[in-house]
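Per-chain residue numbering starts at 1, and chain names A, B, C, D, E, F, G and H are given in the order in which the chains are listed.
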Amino acid sequence: MTDKKLMKGNIAVCHGAIAANCDAFFGYPITPQNEIPEKMSELMPQHGRVFLQAESEVAAINMVYGAAAAGKRAMTSSSSPGISLKMEGLSYIAACELPCVVVNVQRGGPGLGNTLPGQADYFQAVKGGGHGDYRLLTIAPWSVQECYEFMPLAFDLADRYRNPVMVLMDAIVGQMIEPVELHANFEIHEYPKPWATNGARGRARNIINSLWIDSAVMEDLNNRLQAKYEQARRHEVRLWEYRTGDAELILVAYGSTARICRTVVDMAREEGMPVGLLRLISLFPFPEREINALAKQGARFLAVEMSAGQMVEDVRLAVNGLTDVGFYGRTGGSVPTPAEILDRVRETLHKPPVMSTQARREVS
Amino acid sequence: MTDKKLMKGNIAVCHGAIAANCDAFFGYPITPQNEIPEKMSELMPQHGRVFLQAESEVAAINMVYGAAAAGKRAMTSSSSPGISLKMEGLSYIAACELPCVVVNVQRGGPGLGNTLPGQADYFQAVKGGGHGDYRLLTIAPWSVQECYEFMPLAFDLADRYRNPVMVLMDAIVGQMIEPVELHANFEIHEYPKPWATNGARGRARNIINSLWIDSAVMEDLNNRLQAKYEQARRHEVRLWEYRTGDAELILVAYGSTARICRTVVDMAREEGMPVGLLRLISLFPFPEREINALAKQGARFLAVEMSAGQMVEDVRLAVNGLTDVGFYGRTGGSVPTPAEILDRVRETLHKPPVMSTQARREVS
Amino acid sequence: MQKVYSRPKGLTDAEFAYCAGCFHSVAHRMIAEVMEELDIIDRTIGVCPVGCAVFMYEYMACDMIEAAHGRAPAVATGVKRVLPDRIVFSYQGDGDLASIGTAEIIHAAARGENITVIFINNTTYGMTGGQMAPTTLVGQKSTTCPSGRDPKQAGYPLRVCELLATLDGPSYIERVAPTNPAGFNRTKKAIRKAFENQLEGKGFSLVEILSNCPTQWKMSPIESLKWIDEHMTKTFPPGVFVDR
Amino acid sequence: MQKVYSRPKGLTDAEFAYCAGCFHSVAHRMIAEVMEELDIIDRTIGVCPVGCAVFMYEYMACDMIEAAHGRAPAVATGVKRVLPDRIVFSYQGDGDLASIGTAEIIHAAARGENITVIFINNTTYGMTGGQMAPTTLVGQKSTTCPSGRDPKQAGYPLRVCELLATLDGPSYIERVAPTNPAGFNRTKKAIRKAFENQLEGKGFSLVEILSNCPTQWKMSPIESLKWIDEHMTKTFPPGVFVDR
Amino acid sequence: MAEIKIDRERCKGCELCVHFCPKGCIEMENGYNRKGYQPSTFVKRDKCTGCAICALVCPDVAIEVWR
Amino acid sequence: MAEIKIDRERCKGCELCVHFCPKGCIEMENGYNRKGYQPSTFVKRDKCTGCAICALVCPDVAIEVWR
Amino acid sequence: MNEMHHEIIIAGMGGQGVMVIGQLLAHAAVLEDKNVVWFPAYGPETRGGTADCTVIISTNEIGSPVSSAPDTLIALNQLLLDKFAPTVKREGLILVNTSLASPPKDRPDCKIVEVPANDIAKEVGNPKAANMVMLGAYVELAKPVTLDSIKASMTDVLPERYHHLIPVNCLALERGAQLVS
Amino acid sequence: MNEMHHEIIIAGMGGQGVMVIGQLLAHAAVLEDKNVVWFPAYGPETRGGTADCTVIISTNEIGSPVSSAPDTLIALNQLLLDKFAPTVKREGLILVNTSLASPPKDRPDCKIVEVPANDIAKEVGNPKAANMVMLGAYVELAKPVTLDSIKASMTDVLPERYHHLIPVNCLALERGAQLVS
């Protein structure tokens, strides 16, 4: 295994961005993602690409907007409070149908919170924390290897859908050090960008704009966006099923929580409990059809998050009342342990399945 | 009716704030809410209160944070892109458990969009567009009279729950001029604020803070917030039912869209169709129980929004698969007409109810 | 007879939607003339503000990007960094540049970003209805200081050229007042120099144009130019602040 | 024997969590001494930054508010406007004040907001691990300019006092360098004056303290003070910039 | 002798050309254009020097000049 | 004669007091305190003037002075 | 009171008094205890010197204050006549200020009323009262409120510095009404 | 390969080489084809001069890299011994650098191993190698990897300017191992 290096998730993100031919990085320090701008300040110039430390997260996302408008692959990274500052900019970028990648290494919130792991920016990422009807395509790595590999995927999705892509991590995924293979085996597509504002030589001028005072035109834009998201719902759902075949209870989780849940599934199976894991890779699009199909087969669900209950709403929407959906969450930087999740699994499986019509919000 | 004045919704908001003993207004111009800061620049000094035009929406929400921390009733107002810039600040204010009021006169989005009416900031308002697990108590007036009356309500809720309250309007509600009665009949509660940072005279010093590096402490804060939101779910649901008694199809809408839907209900009834309206006044807390109860009685639902489908998700969550939930939306500043909604109603009622498990996203 | 003045190629055919006598149009036209003279229309990318000039992309014959309110310098930075051989300018009003966008303009200047900034100071928020701007004069009325700007309540006007001139980054900063034919010529020259500097790689250039807003000032265009001369130039003296 | 130096009442009993020799503690202590001397501990509200001094509320004996990164001047404005008879100070690092919070500090100064600002310039982002700050010197290394700040790439350091001194709003602006006992005394005096001005209703006062960051500079505390004298004061000369 | 042409539909009647023409060659019309503005009109062809000041100051680029 | 007291547990061993004491009354200890720092210690009681410079410069307010 | 419902768009150049007559209509409706919503154009749309507003007067509660198909257009100049004429509902009413605009040819379904408002205003002695002439004509034709209520609204709606013009405004109103009666 | 799973927290003052021995463990695990996650403390927690990290070595896939109850604590000073000793899992292992700290009294369930690491390091001729002494003792006791793999990791893990210290580091490792074997 000599081709494996020990590396932080955050650093692997940088190597992934380089492999994805990322042209420009604009960022601002914030824990727990500082290794990204730091490493990028070294790697990007080495590869003849652009690194710039912006004066703020607001400036950074608007620099990304400019570089993306110019037809280049641009990205930024931050963590929860810094991502909140990018909401206006992201709404603009989505409205202008520009591709870019935004990494959020989530921490404990709300407010200043702490720099420990969190997953409470899920709503913000997948429902659109900014104004208006836009969505971010959102993917969530769970290992250092995926931190590396999801960056080319993210840039590809961004270009393909002309939409910002969010790589939703958390402090565990960003800070942990694992062996990683920087294999560089990516097929990097070049997407033609005839719309780019890079100088109107030999063509009509291009305009990048999201202002349409005529409501009919603005509605057309919205319909185009929605059609695109529908497209993504059909083609870009990514997930990983683990021992779900005969599972009566399926844990649903993403990122580091999904790793923990994999351990829980093994522990549960050892105790003879029919438990499986549905690990979400794409958060938007959400695997609505897949979960619904499992629900139709009678499986119940337990959503596990480092939040007070966000992803669980999408699980409930997908299940649509067919079976029971439970929730186990930890907040504020607390990481759920396998033991406590297992307890909840035991509890759930000894409890006969009930049709719960009220959202249950249990935060321990 | 000599005690009725013709007044814009935005102006009524200002008189409501004055009646609510609002101590300080911090804002920044943006259409379609400019009348609010403009009128406040006149009214607040007249009443010996604070008006300040901030350098930006970011500064404005942080001034509100300061004034609220000092124990005063503070507010700001803006419209969609400006509200997006307040996401970090709102997450801080919620995390610090400070009361304040934020008015969003929604326009067409995403991006710069236009200054026409929109309702596509619903997710942002009710799910928390900022980072972390916080919620804004959200109420939506639909007339100029309510623009006036909901301000004292908003400040009261804010103080009672020590939480930011969003008054979610749209360009129609903000810009239309209707007769209003400035009756000043409000019971304004004075809430003791022993936590306020207003100088530690004769008491231990106070600290307003959302930084808790100990995850256990941060989790405690989160649990406290969630308990508060649960409390609000029990006590603060507000809605108005119109001809729902025997309705087979219930329109669900809020704000100006609900006004339009009321017309639609009357038109439908004239054609003999059993249609009712559930007009949401509180958006968070959402009337989950109430909708679920109606669904149990067999009613189907049609959510109508000026968005590509946001509130409809909460309707679906509440219905939880019991009956069918349809959606009709217009975006980008387009306002649905009674005629087109009625068409959809006819269509829906002639279509036999089906159990739809996939979210339907129909944007015309 | 020879044609001695015709519409510059840097402009599209669209009619300006500005109010009668508004000098946004004048600034647009001069930028268009300079682009034509320097033959850079097909390699220039302009960044529009949010303000009355929000529709600028309809008028300029080059590639254009609509920035969020105040963020034009950041957007321009993003473009210029990835396309260093293109010409990038941003165009901003006083609310856009000197209020919400204060951080972005100062840091673009401090970085010596090789871009050209045209700054239209009309002492008010024209687009949103004449609210107080950071550059509103002491005593001047606006819809958010109805009895005139009171420095005790609302502070003092911000002098952008003076502010930026304390930085090491900028290569050229000038304030001009196109209130008469000589002022027009001076303005045009300044804009040209601000673009030439970029072509020469000299770094950040900014031209502040003392402009009018007949509508929100509630004056005729001719009165508005007089008002600039008599009142605005007291607080905002024209001149070259940086040239290096 | 008489006690001639003891812990000021403006401080709590908490031990500072700063690195050994870090001058954040020195600045805290001096603010505490001034609050005690002016007898204003029980009517002062302090606003903490996001930066190494983020835990300042643990140390000061007065009411404290934790602001979002860069927004302390806005928060302080909010407090002071509704409680004009209280004393309000904010405390900010160079990343906080001169980068993300540029707009907020400039506009608080332009408004002549009657608050006191203590500005700790240590040329780096101490808390987040030594990244480049707006005040990082040309050539100085940081974790985001590993081969030293290159003005071509990252621009030039921002001189906050010089910048703010172009405004009409501020009543008092001074830069001090507490690198020796005389510098300590000068610093204390400046902080005192910045609070006294507020008591007299004179408006915005700011003291920039050239501070150290032994950890991120990778120096001993004593070396760090020498480095301030030898390098920082070249770019950031101490002195009174505004006093009116 | 020189000549100017005012595009009546582009003109917004701001009167700047009238004000700045050193020869007083331009006046305001009495009528209205389609948008509802009262445009200016070239009246003293003989006095015009073709100095193009009118075109220089016209915000709406409504004037062309021949000399 | 004067006296200073160094709070051994508050001291972080930054050496500033040692550096700035005009009389050379302070030295660094060899041992470690609970946090793992090597604190300073008052060694030349007789030379101390009670000038309080050490207290003035001590970032951790670890020194009290009597005179 | 009989059931009735009127949706009117009023449009013209800034300075032609478009908002004032909208406000007079709305105020008169309040006096008559009718439901009314007045929706003036706002924001960037008011740039370029034009102005328009929608007034809805009804005996029923009013839903949307935004009218997608008004039953009446009162157009004070050509540009906005051209803009709004196509939106008027089938067989609606269009009042044209023929002093500044010529009647539309492509709405044969509508009742087109020609009012030389500026000329009449000049005749009554206040050239600025063309808006009142138009209003008078409209109120007489459609009767959403009475002329008396409009007159009674003048003192409340007009700023005091214009109160001396109320008599001549009333005259203009009446002349407009006479024209179509 | 037998199934095994080790969770270790290593803690000490900055400069005591806490991170280095964590990295050596992780690297050795990679050499031995075991699963490993190394989770260093980061951010504001590294202020104040202390450092700690978690290493998990396992033959299974590793879930959370954050250990809520490590089976081993390697404590290089008193402050962090006090902080982390309570988190060690029941009947776990605590290695104490007795040159700078005294063994905890309140964990009678745990196996407490006293290593006078600084003293031994001085003896072998590199006073900075106390960390290596602790590591040697731990590896010998728990055998998560072999001492040879640790040695083989030295050149990769240590910056080149410290390569001349590898022999003395190896000596320190061995002395640590001998102490407990």
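Miscellaneous remarks
Assume a residue touches a chain if its C-beta (ideal position, glycine included) is under 8 Å from a C-beta of that chain, and two chains touch if they have at least 3 such contacts.
Source: prediction; values computed, not measured.
Among the remaining chains, those touching chain C as well as chain G are B, E.
By count of C-beta pairs in contact, A-H exceeds the other of the chain pairs E-G and A-H. Farthest from chain A, judged by the mean position of CA atoms in each chain, is E. The distance from the centre of chain C to the centre of chain F, with each centre set as the mean of the Cα atoms, comes to 59 Å.
With centres defined as mean CA coordinates, chain D is found 40 Å away from chain B. Note: centroid distance chain C to chain E, computed from Cα atoms, is 26 Å. Taken residue by residue, chain F touches two or more other chains at 12, 37, whereas all remaining positions touch fewer. Annotation for chain G: residues touching 2 or more other chains are 43-45, 48-49. Within chain A, the positions touching two or more other chains are listed as 31, 34, 52, 55-56, 58, 81, 88, 92, 96, 112, 115, 209-211, 213, 335.
Chain pairs recorded as touching, per the definition above, are A-B, A-C, A-D, A-H, B-C, B-D, B-G, C-D, C-E, C-G, D-F, D-H, E-G, F-H. Across the complex, chain D meets chain F through its residues 1-8, 11, 15-16, 18-26, 29, 180-181, 184, 214, 220-222, 225. The touching residues of chain B, counted against chain G in their complex, run 1, 4, 6, 31-32, 34, 115, 117, 171-172, 175-179, 256, 259-264, 266, 335, 337-338. Considering their complex, residues 43-44, 47-49 of chain H touch chain D. Contacts from chain A toward chain D in the complex involve residues 28-31, 34, 37-38, 41-42, 45, 52-53, 55-57, 81, 112.
Of all the residues in chain E, the ones that touch chain C in their complex are 2-3, 9-10, 12-16, 19-20, 37, 50, 52-53, 55-57, 59-61, 63-67.
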